[in-house]
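Read the structure below first, then the notes.
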Amino acid sequence: MSTTVAFIGLGAMGYRMAVHLPKHFDTVYVWNRNFEKAKQHATEYGTTAVEISQAVQADIIFSCLPTSLDVENLIQDLEIKSGAIWVDCTSGVPESARKLASTLAQNNVQFLDAPVSGQTIGAENATLTFMVGGQKDAFDQALPAMQALGKLIKHVGDSGAGFAVKAVNNMMMAVHLCAAAEGFTTLKAHGVNLNEALDCINASSGKSGVTESVLPQRVFNRSFPLTFALPLLAKDTGIAVDLVREAKLSTPVISLTQNLINIANSLAEPESDFSSAVKMYESWSKITLD
Amino acid sequence: MSTTVAFIGLGAMGYRMAVHLPKHFDTVYVWNRNFEKAKQHATEYGTTAVEISQAVQADIIFSCLPTSLDVENLIQDLEIKSGAIWVDCTSGVPESARKLASTLAQNNVQFLDAPVSGQTIGAENATLTFMVGGQKDAFDQALPAMQALGKLIKHVGDSGAGFAVKAVNNMMMAVHLCAAAEGFTTLKAHGVNLNEALDCINASSGKSGVTESVLPQRVFNRSFPLTFALPLLAKDTGIAVDLVREAKLSTPVISLTQNLINIANSLAEPESDFSSAVKMYESWSKITLD
Amino acid sequence: MSTTVAFIGLGAMGYRMAVHLPKHFDTVYVWNRNFEKAKQHATEYGTTAVEISQAVQADIIFSCLPTSLDVENLIQDLEIKSGAIWVDCTSGVPESARKLASTLAQNNVQFLDAPVSGQTIGAENATLTFMVGGQKDAFDQALPAMQALGKLIKHVGDSGAGFAVKAVNNMMMAVHLCAAAEGFTTLKAHGVNLNEALDCINASSGKSGVTESVLPQRVFNRSFPLTFALPLLAKDTGIAVDLVREAKLSTPVISLTQNLINIANSLAEPESDFSSAVKMYESWSKITLD
Amino acid sequence: MSTTVAFIGLGAMGYRMAVHLPKHFDTVYVWNRNFEKAKQHATEYGTTAVEISQAVQADIIFSCLPTSLDVENLIQDLEIKSGAIWVDCTSGVPESARKLASTLAQNNVQFLDAPVSGQTIGAENATLTFMVGGQKDAFDQALPAMQALGKLIKHVGDSGAGFAVKAVNNMMMAVHLCAAAEGFTTLKAHGVNLNEALDCINASSGKSGVTESVLPQRVFNRSFPLTFALPLLAKDTGIAVDLVREAKLSTPVISLTQNLINIANSLAEPESDFSSAVKMYESWSKITLD
């Protein structure tokens, strides 16, 4: 008997991710709150637009929603197929993952927190990275479906571990962004040629994903394209500091950065890309990073 | 008439760098305070060990010493050949570069601050990165000699700009190191598998030179090999915050990190590699990053 | 009909506070987990040691326990007299106060979060400060009983407001402690006479409760008497940053200080007074504040 | 033979300070760059307006200028009376004090760095605090003249120690200001009555000069009167971090605060009082401290 798969939440990521599923599975349900999008997806890509109640009768159920709260609200009214595995690709809250995993287990449904990285381009090319928390056997069962959408797929620990890795990844990116803004402002204040300096640093120990991609593609060219909104980065850095608090750790750089991203967010235009956090530094120094 | 070249300071970097010069230049002088090392280099690699007074009669004079102060002390008593170009590969102080450039110019000698990155392996393979400050014409004249030792060679600005880029590079690396220590401690406290998490982050937006190289090669395997001493990183982060102060900028993350590296250095064993700064975090959390 | 009063929790503070109640009220119940202490209090001060079930039949019920969790655990099994007012002097969690106030209201019991400051000496002299959150009419009814124990008694807002003020007070004290440790270490490093400097600062704009009391009475004389334990200060700074997170504010200095107190606590001997946080700074600088 | 005294620099502080000297000394010279002010002072208060060359023939020479650089520029062209004592009340740079002390000593002139606190009201009432660095015998000789202007007069160490204490005092005040802004913003976000909370904190361990004076007199009433300009506080916090750097110390809270005051200064209206640094926090939180 063949595996049926569902994808719930056809936003910028989900819409592109679900495209790949019909290549590997005979039955692929899609559902979206705005149902027109689901019907369009079915027309374009050969998926099947169904009611949510039917979608959750699939063997593997993907979801990709804005926040863990959205996932919780959705799930609480559903009767999910016994034996199903729910693969939640939201960038969510570890504590929520543990709660959902425990609740769903009572109905013989397994929950994996499986956030992804790689942005829309990775979704299009099925080259996403999956960082997955939850039961290992559920991970193994869901692996073929995740492999249809991604390249690097890792089981990183128990329930919540996937969300934790994503939050920490984004927090580290936020730290690197602040470091880059501060460092390059300093160089420009001293008359250094920023493009040449960037080439040197990208060939040296001080490089990061931010210096390799964000600075040249978003900041130096002043494009700041909205692909990952600053409020979402603020949310993720908040999740990271909550993990720190829960474990009673001391993380001065993370704590400071969470404050800085929060400040940048409070000062930013609505619909700002995360990279526009550097504008906060520019307003302080009157130095533009271009 | 052929160009003569000299290399002053045959430490871990200089000794390996000077090896490549005889392949490109007929006359290569070497000098070292402990002169036995210069004689050994001459025997092994076909360079010519000479007195310092003769070394500074070369057309291109490289130096690679521990600090700018060492360079200043050495230079003040020398009569350098008129028309020579001094290429200082020390990780030095921008203000010192400006001072030396101005002083030496009075004797028709040009000074380039030309720190390198790439570590001893890059010196051995002549794949170093040079970030160079000073007069563009002097840079152009010295370029062939630097190309004998490195791969990416960039003129980043006026006197001091090279040292500034190196200091900021190292400062950014220090920030990334703290972020990585804090982030991975948090993940371990929550039961996440660190190796799997590292793979995910290195495929995602949160990666850095530290997560790609330092964590797997120095920290997770507990080797902490001494290739770049923690006190030197503390010195470099100090140079970076002095640049910030001079320009009256606001750089909260850089300032905090300079303090943290300073604390780590004050608590570390002598002869500690820079990567052992993570042990400070481990002493706070009682969590070992392995 | 005369008002009956109870005091639950006869620790260092509670034991001294309950002493004053018999001067103002005919019937004063006392209860303590270790009941011998209650009996001793009754013998010494004319209170009445009773079972907890009887204590909560008083009109005004004071409690003073280590944490809000202790209060919650105690209360959940009790049948409290309808119409009673519970005055909780614990340094507790605002969210817990709101929860208890709401729960107890269902049984017609009013809950006031009423933490105190002034230490044991203030308890002895009935000169404590009460910062009180909750219903204004409950505050007014409980006021005479609080006046028996304190001097300045303020209604600062709704449920949780009292705990919030206490947490912020202690957080500000923690910031002042770090500032003093850093500032005086700097002065000593520069050969300044600390006692003379302290006199000057205490007559100037840089003074604080820390410079006026903590430095001269606990640090400079190296006594560090245990009257307020460092782990409790760490707990309180944690409550303060949780308030910050809840309100989505940006507070860089508070966040950093919470980390520093947490670090100091992780490194400190058990049973350390809060003032011994300065020893963390001393271990970094090798400079002793005496 | 009676002592002659001079006062150089009749700004807001100096003008009020010099008023008291004629009560204690027969001959009191005054000088000011804008000489009309000196003549007006002579007319009003019985001092003698003289050329700068004559002023520096006094036995005790007070100065009160904006910065150490102004003092250095003034002094370098003067022929000061041999045996004179120069008492500099500027909030200056410790290194400059050491340099001036050493230079002037060659001409048998002693230099005391003697900054004051107490603001214009303290100058008017001769109740200033003097924190004095330099030779003890010079301090003893100048003591009667300082006693004419102040109340608490302390010899805190060698040359530079007075300036160091002033810089650290102002830095601590800056930390307390940030702590107060952050703490009270947090309380207001949680609906706490700020005036009642302030009363409680001022009776508790979290109090400071800022909570006792700055918040009620400058912030809560929204007056922000310009008596000590924000750029001067930014300058003083800079002097403090330079002291930290010089001594190679680790002071995370001081370093962060210097950045925050610098940011506040970069965003502030010209002619802003130091207390308006809280407006930076208000712009982040959209919460007004009133």
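To keep things simple, chains are lettered A, B, C and D as they appear, and every chain counts its residues starting from 1.
Going forward, contacts are C-beta pairs under 8 Å (C-beta built on N, C-alpha and C of every residue); 3 or more make two chains touch, one makes a residue touch a chain.
Note that this is a predicted model, so its numbers are computed, not measured.
**Q** Under the document's definition of touching, what chains do chain A and chain B have as common neighbours?
**A** Joint contacts, listed by label: C, D.
**Q** A-C or C-D: which has the larger count of contacting C-beta pairs?
**A** When the contacts at A-C and C-D are counted, C-D has more.
**Q** Where the centre means the average of the CA atoms, what chain is farthest from chain D?
**A** A
**Q** With chain centres taken as the means of their Cα atoms, state the distance from chain A to chain C in Å.
**A** Here chain A and chain C have centroids separated by 42 Å.
**Q** List the centre-to-centre spacing of chain A and chain D in whole Å, with centres computed as mean CA coordinates.
**A** The computed centroid separation for chain A versus chain D comes out at 52 Å.
**Q** Report, in whole Å, the distance between the mean C-alpha point of chain C and the mean C-alpha point of chain D.
**A** Using C-alpha averages as centres, the distance is 37 Å.
**Q** Please set out, as single numbers or ranges, the residues of chain A touching at least two other chains.
**A** Where chain A meets two or more other chains at a single residue, that happens at 249-252, 256, 260, 262-263, 266, 284-285.
**Q** What part of chain D is in contact with chain A in the complex they form?
**A** Interface residues on chain D, with respect to chain A: 252, 256, 262-263, 266-267, 283-286.
**Q** Provide the residue numbers of chain B that touch chain A in the complex, in ascending order.
**A** That would be residues 94, 117-118, 129, 131, 133, 151-152, 154-158, 160-161, 164-165, 168-173, 175-176, 178-180, 182-187, 189-193, 196-197, 199-201, 203-211, 213, 240, 243-244, 246-247, 249-254, 256-257, 260, 281, 284-285 of chain B.
**Q** Would you tell me which residues of chain C are touching chain A in their complex?
**A** Answer in residue numbers: 238, 241-242, 245, 248-252, 255-256, 258-260, 262-263, 266.
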